[in-house]
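Order of writing sets the labels: A, B, C and D. Residues in every chain begin at 1.
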Amino acid sequence: MAKINPDFAKELKEYGALDLNACYNCGTCTAVCSLSDEDNSFPRKMIRLSVLGLEDELQSSVDPWLCYYCGECSETCPQQTDPGELMMTLRRYLTAKYDWTGLASKLYTSKIWEFGAIIFLAAFILVLFIFFHGPMTTELTDDGGVKLNTFAPWKIVEIGDWIMAGLLSFFLLSNIFNMYLKIVRNDKSIKIPLKLYFTEFWALIVHFATQLQFSKCDTELTGKKYTFSTYWIIHWFLMTSYVIMLIMIMVFLGWFQTDNIYEWWHPQRLLGYYATIGLTIGIVYFFIERIRKKSEKSKHSHVTDWTFLVLLFLTTITGILVHIFRIYGMPYPTYYMYVFHLMVLFPMLMIEVPFSKWSHLAYRPFAIYFNNVVIAARKQSK
Amino acid sequence: MTQPNEFDVLAIGGGIAGEEAALNLANIGYKVLLVEKDLSIGGKMIHLSKVFPTLDCGACITTPKVSETARHPNISIYTNTVIEDIEKHSENDFSATLVEKPRYVTDDCTGCQICEEKCPVVVDDQYQWDMVGRKAIYIPFSIANPRIAAIDIENCSLCGLCEKVCPADAIDFTQEEKRSTIKIKTVIIATGFNLFDPTLIPRYGFGKFQNVVTAMQMERQLVPTRPFNNVLRPKDGKMPDNIAYILCVGSRDETIGNPICSQVCCMYSTKQAQLLMGALPMADVTIYYIHIRAFGKGFCEFYQQGKGMGIEFIKGKVGLIKEKENGNLIVRYEDIQEGKVKEAEHDLVVLSVGILPNTDFSTMFKNTKIEQDDFDYVKQVDELSSPAKTNIDGVFVAGTSSGPMDIPDSILSAGAASAEAAGYLKGGKK
Amino acid sequence: MKNRIGVYVCHCGSNISDYVDVEKVKEIAGKENDVILSKTTMFACSDSAQNEIVDDIKEQNLDGIVVASCSPKLHLNTFRNVAQRAGLNPYNYIQVNIREQCSWAHSDNKPGATEKAIKLVRAGIERAKHSQALTPISIPSKNAVLVVGAGIAGMRAAIELAEMGTEVFLIEREYFVGGRASQWNELFTTNETGREVVSRLYNKIIKTKNITLFTGADIDSKSGSVGDFDIKIKIKPRHVKSGCVLDLEKFKKAVDVCPVEFDDPFNFGLTKQKAIYKNYPSEFPEIPAIDFDRCNKCGECVKICPDIDLEQKEEILNINVGAVLLTTGASPYEPQKGEFGYKEIDNVITLQQLKRLIDLNEDELTYHGKKIKNIAYVYCVGSRQVDGENKYCSRYCCTSAIHTAIMVKEKYKGINNFHFTRGVRTYGKQEILYNKSSKQGDIFLQSFEDSPTEVYHEKGQTVVKIKDILTADKELEVNADLVVLVTGMVPRENNSINNILKVPIGRDKFYNEIHPKLRPVETVIDGVLIAGACQAPLNITESVKSALSAGAKVNSLISKGEIELEPTLAQIDKSSCNWCDKCTDVCPYNAIVKKEYDGKTIAVVNEANCKGCGICLPVCPSNSIQLIGYTDVEIESMIEALID
Amino acid sequence: MSKTIDVMKEKRKVSEQVRNNIKAFNKLKREILKSLEAGQKTIPEIAREIESDIDVITYNLMTLIKYGFVVAGEIDDDDEYYYYKLKNKK
């Protein structure tokens, strides 16, 4: 027995849902969805649960993570309920609910919190630099580059990175654990043999590395010439760039942040270029998509979508500028840009990775993994 | 033959609504001109099989009205004629320009169909919704009124055979468009409706998968003058034994711009399903629906009767259709009651297409534009107490020109239009 | 005796030929004596087939024709006209019904159906042989009509009929006009209120010359028949003198002093009413009325207002009209005690009560002093009943409930609407209302017949529970502050009218038309027509359409000054009749009167009243009555053919 | 007596499509009738024999029935396809 909560739909609107109440339950969205199957039939079920405000069921559902927003449901919805956007909204909602600190919820639903947090974290970096920066020497290296490591020694920055990484991982992993509790442990009636956690583990690896589900959207199921692969390639390009960058600054900062200027073919520079080009192309593509609003998935932009893109864009641009100023021997621009770069980078990572959009990268493969475990367990118990 | 050019009433459209309105007014004593753009009067109803919920045959009910209209001393009929413009000069004073298109066959035609036999051209028969061929010279359909042949000049090979063989010397290629101006005192719009074109929803594969048909095509398959020798699949002539109906194709759908319900599809599909169970006793029929709108007198009982006969009703709209090698079709839908997406195989799929306004009327009125509602039907300016009234005094609306309607509602609406028109005529110059 | 008979056996598309071997019927009929030609035809009623029959009659000089097709109810007149066009007397045409009586009734036994068809056709041929040429009786008709029921439909029909030139008597049983519509506020789709429409129509009626309106009036008795009905109208006294409109102050005082108080039926018992009353201030006619059955005749009001006259007597008025149009409307279904908690749980009301409640509550919606937040609407109460009698759908209620829910939400703050439906039926353009209400946040749930919504009271809460098929059959519940039963329509209780006019009533208890498509507003009683919600549940627009449609039919029926009647009448042999009174006793139409003739008393048939039912024939001890068109010779020859 | 068709011939030209349609129909008509000369056949059998798309056969065969060249016979043993035969042949 469940009580209906009509106010929930209003709450959900803050995460971005549009006219979800318009739904008259025809099921077209579920029937056209190429990712929906008998085990996981969505998105109508999600709309229904949202309209009725059955939060427990919503929170224990993996369906929102299985959706990759190809937009077929929104395009074909006879009531223009926009199920695709509702699924996006539910991902924001779930991200907020997995987060035990409650920060994610505040960041999603309040612009003051969102921008306040960015400014606060940026200011924190600025203060650190004002008080603890190294000497701002105008002396150049033998190659004519700026001595960045004198101003900001990589060893110290790396310690900061590790602290940040520790925090990020702690928040993200504890949120994923929370997700695990909601999805897998919610239904106490199903016994899950330990073995399944290992046998289904491949899903996590594969989906994390490839975002494989994405490509399934690209079928000609609906008879339309609609290529989703462009989108997938760019997304993949952007994601690998991002991961490369992340690894270089987190693990190999000593190698990455050098005062030497290597030849252009040096792996340090090549990797850096790949990543910056990947990021720039990706960001510009998504900028254009969101402005043109042509495809379903870019029609509706929540404020956090824009913040994320803008922060990532600024991080990339400032990173490129630091690189240019450094190799062309412009000390002060290099120092200021470096500070500014970190002022953008730090809030972006602190906010996006555990609490916002970037966490989706982790939640999606985990959701598929958890879902496979549950389905396998259900099949075994039958 | 010289036609008079003054009438009391101009009824636009020779369907059931136009006929009912014309008959009512003619019975009161007014002179009525009925104008039909098609070759025969009778509208869409004359092509139907049996009609719900009484299940008496459409033709049995239409034909007496058709012949009564055709014979009524107070009614003149122009078929194959379009109205170019209507102008209102003052109350009870309208003029209209009619353009009668050439049939290339004169009234001497006896309907013997010898010409049809000889004509070498075969093109799609629009009265059988393209499921079979017809000749370039043809009697529109067996119970057409007038039962006079016409030549489809676009597809004519100009061989002249018909003219050679016609025993009545009725072929006349010299005919040209005839334009005439008439004076009338009041106008009744009964232009009816169009059916939704399902090619606009490519997911259903209509036009690509030949075993996906419209309900109108199925309707034709169920009448005695059907295109095939039984209910058969248009692709390979196989007798179907597992038929699906998809409701709300082109209605209640914002994506194609028609958010309203067509009011008849639920019932005509239930009716066809019942008839199919009679025609093909071994067949299974499944109806996929969103809501069953069995609202009228006897409708709910009719729906229950269908269920009792074994029609399977599944709540859930079909999302898409795929075709198999053997011509069978896979429909993908969400079974709403179970909340699960499913696929089912059928050997024939019928799309229950919705009703859209026939907006021919919108361009006819010259000096005052006729107002249309949000869905492009004629706007009823006083819907509650004068349902036939339009924004132009003296112009009334009957039948599906003002919105989707079933046959009894159309007939009543035509009755209302005739009463309001009669009141207007009696009122004289106000 | 006719001896040149033509027989036509109709396929009726495949309606007949699928079960009856029409070729065989044709062949056997062709071999009968005096049958000149025997043919089959695809649709005998089609224009080309009609022309063929006309040509045959002329060319073959036929003197009788038989068409074996559908029920004469459908096409008797069609073929009579065919005969007439060919110069044959229409009564030399005989219709044999081999569709309803053979192919449809015996679809499981094709040889049997064919055999029966052959026999019926042979009987038809015999009857045709003995048929006589008859001339229809023409009787004068009065261009006046009695419209019964001054709701929207009746008022609208009256106006249009008057405009078409027919004199109208409009009677209303209540003291005030407007019927149900005056009880409703904003209406879909124009948002005009019911009262606005009523006052618009009333003002038109009082300005229209040839409409006479009587309120508090009912039919008392009827005699005569189509074209010439004599109807007695019983008019209840209003007890407030006509011609004098009470001023508002005095009326208020009179109401104040009235000691009689009872549940107000206009507000469905939500408020109290006094014996002297007006349902709402601007009600028509403007004069208040006294409910004399409840009045205790204390005379307090008379002291305040001398216009009140407790001595007024009932009046009987005779009117003469050509036709009667019934627009008596419908009532909301009254749920039984305990049906979804009705009258057992305090906050369970009907949709009609909610509508009145909205009208009575200005800023805040309260019921029994409690503020309302959650409203649960339970649909299909009294319609689509699984166990009850009302199997039909009441058509207007989904839209009406949704429209009301929208109004509630627009008028008051913080309302949540929950719709416990059986599948929403907002057909046609009404769909946009459903859309609107969904978008404003109303929640729709649906159950099937086998698991109805439940309403119960638990721990001080009224709970509505449903197994929602839209959520995979999950059980869902709502704590409702108000449970609104969306009740369907039932016909008004019109026992007196039913007894007097004998209008046929269908299985759903509404008046029955002859045929929903061919003759949708006519009944089998000539000259008595029906329109609006007395015929089936309809919304206002639909009622008005049918009322106007009936108006057109009435006008074309009676405006020509004369009406042709069937010549199939009882005929009394003056020589053998010895007045015994038996036939007058049984005649349901008062068509037989006593008359002095040739020095003796005999019975004579009033042609306008006689329907040719034949009930007088068997009671006549001297066998002096014959039914023209069904003479003994005809019937006997038919029986012989049947048993042969 | 001169025929009115000559008047029309001066006004209009017959389109290529109309000519092709006539040719195509006549060809199919010949092939279908020839195929049925040998005995009654179902639609798939005819389509296989004259190597044409099955839907084209259905359409044209039904047209031939309409104009009285072919009639429908019994249905096959699986209750799937009707046999069709020439009208003048038993």
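One rule holds in what follows: contacts are C-beta pairs under 8 Å (C-beta built on N, C-alpha and C of every residue); 3 or more make two chains touch, one makes a residue touch a chain.
Predicted model, so just to flag it, every value in this text is computed and none were measured.
> Which chain's centre, taken as the mean of its Cα atoms, is farthest from the centre of subunit D?
Relative to subunit D, the chain whose C-alpha centre sits farthest away is A.
> A-B or B-C: which has the larger count of contacting C-beta pairs?
B-C
> Work out per-chain C-alpha centres and flag the one nearest the whole-protein C-alpha centre.
B
> Quick check: how many Å separate the C-alpha centres of subunit A and subunit B?
55
> Which whole number of Å gives the spacing of the CA centres of subunit A and subunit D?
64
> With chain centres taken as the means of their Cα atoms, state the distance from subunit B to subunit D in Å.
About 29 Å, centre to centre.
> Can you list the subunit A residues in contact with two or more other chains?
24-25, 45, 79
> Name the residues of subunit B that each touch 2 or more other chains.
Counting only residues that touch two or more other chains, subunit B contributes 252, 291, 336, 339-340.
> Chain pairs that touch, all of them, please.
A-B, A-C, B-C, B-D
> Which residues of subunit D touch subunit B once you look at their complex with the stated criterion?
So the residues of subunit D in touch with subunit B come to 3-9, 12, 14, 18-19, 21-22, 25-26, 42-44, 47, 54-55, 57-63, 65-68, 72, 75, 79-82.
> What residues of subunit B sit close enough to touch subunit C in their complex?
Within the complex, subunit B contacts subunit C at residues 24-25, 27-29, 49-51, 54, 56-57, 59-61, 63-67, 70, 111, 142-143, 145, 147, 223-225, 252, 259-263, 291-301, 304, 315, 336-340, 373-375, 380, 382-388, 403-405, 407-409, 411-416, 418-420, 422-423, 426-427.
> For subunit B, which residues are in contact with subunit D within the complex?
By the definition above, subunit B touches subunit D via 104, 116-117, 120-123, 131-135, 153, 155-160, 163-164, 171-174, 210, 227-230, 232, 234-239, 241, 282.
> Mind listing the subunit A positions that touch subunit C in their complex?
1-4, 6, 9-10, 19, 21-25, 45, 48-49, 51-52, 54, 79
> Mind pulling up the subunit C residues that touch subunit A in the complex?
416, 418, 424, 434-435, 438-444, 465, 470-472, 474-479
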